[in-house]
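Each chain gets a letter, A, B and C, in the order it is written, and its residues are counted from 1.
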């Protein structure tokens, strides 16, 4: 009986985490929270006659561009991603608000339901900075950019992989991040399913101290 | 081995419930089932430059107004709600069909993924009546209104909280309900994520007797 | 402690399967993967004044027709289906790519959240063939059609029911399937929530040998 209670507790806790966006962690790069993609490398447009029709299909969902797919849940569906040309590229995201970033989660489609996962990014780097909305243009902004983390997305691990911010960047405030991939897992194009940005708002820090 | 079978049974049952809209209970206020919001207090429109951009963002989903968000699943996403001005207000819902209501579920975004939950309703009352589609206008209708339940939404409990119908209202038939909140948890505006209406159809009662 | 580890393992594995489209199996009939409905029997259009408003409601989601609902996840929501006139009919689906089919999954809404499940298909047959896109018209195509499987959808079993391909059809390549139902569970119209097609791509077979 003690055992029954214990087993039920584990199950309920794990399902609660699953229901809370899979990780149970706040995401400041969520489209429904106000984040948006502000810049990206050249998108990949597939022909509907080929076996791969990501872009054309997803474009039918009026009102949400392909780029925004990076900032929305995938719910285990292959194709709910943003395809970019080539095996290297980038996406720049204006976050919901300025935060002190703590970790990032890169998600690809799960192995068990995927047609092919060789379009997943491999070598990745994430940069951040505090974008001044009134002042400087984008090029001036790039000078303020600093490295937040660097990682390899591993196809053999869980499909949502979380990476902590480098110690060198801890406690720095950013409202914009740039996700750079310099290689993928083999395909001529690269698909990004979802990128999440975890952290805390500076004001909550003030309140704690 | 007996233990393995038992553990697996609990897990499968709980996941089945989770997959069945989280509660495994029929909802007569579901938009995909035919319910709709027919009236509400003044909506809150946020500016996209602020940290909170619910309304503007969600308006991009053509074809489903913000009000209908109350009648659709949230899938653990912050922002999938209907924001109303102030800390008090109301929403009036025409149900899928006339029912004998048994309980109501008010849902807000889960704590673990929320930016801020002070926009949740607090003191709530739900009224109901049988709206005559051909006859009386809305004001005449209000005279028929009776109290179905009264509750406080508690931020420390599960994010989907279910409240039974008062005994005084048991076995009365309604096709319209009015959700009234007279306070919230601190924000200048109030967000409603989802309201579900549980019960049984009068005809099924007839068949049982 | 061993027991704790074991219980957690089961839970994580089952939730992983649930998160991977419920079955953890590739679906070549998924709209987001490029499949589409190319032909079907007469659809059923309901009036919004009745208790059942499937078609009118779902038509509001611009860009995705009712027929495509068969090729998208239902996420436990009643009404996320394609309603067809009568108790018999068919749907013809062009798959994402040519495959050797292995099994099919027919899904209806879960009992616990359904208003009424008598619109579910009952006696079903699935046919397949390799459609030549350039050449023959649809009528010529029908001559190439062969039976892949035959089954009864049982309302008392799990809401997603999987049926293997007949031995007589194993290892045959198809890119088009036809789902035929000759009876339903009692309603004057029939609702199809989702049909999945599992199998393997011929090229992967070549690579294995």
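In this section, a residue touches a chain if its C-beta (ideal position, glycine included) is under 8 Å from a C-beta of that chain, and two chains touch if they have at least 3 such contacts.
None of the values given here were measured: they were computed from a predicted structure.
Interchain contacts join each chain to each other chain, per the touch definition above. Comparing the contact residues of chain B and chain C by number shows a mostly separate set, under half of all numbers used being common to the two copies. When chain A is fitted to chain B on its Cα atoms, the angle of the rotation, on a 0 to 180 scale and to the nearest 5, is 120 degrees.
Centroids built from CA atoms put chain C at 31 Å from chain B. Among all residues of chain C, those that touch two or more other chains are 3, 7, 11, 15, 18, 22, 62, 75.
Looking at the complex, you find that chain C touches chain A at residues 3-4, 7-8, 11-12, 15-22, 24-27, 30-34, 62-64, 73, 75, 96-97, 133.
Residues 3, 6-7, 10-11, 14-15, 18, 22, 48-49, 51-53, 57-58, 60-62, 75-80, 110, 112-115 of chain A touch chain C in their complex.
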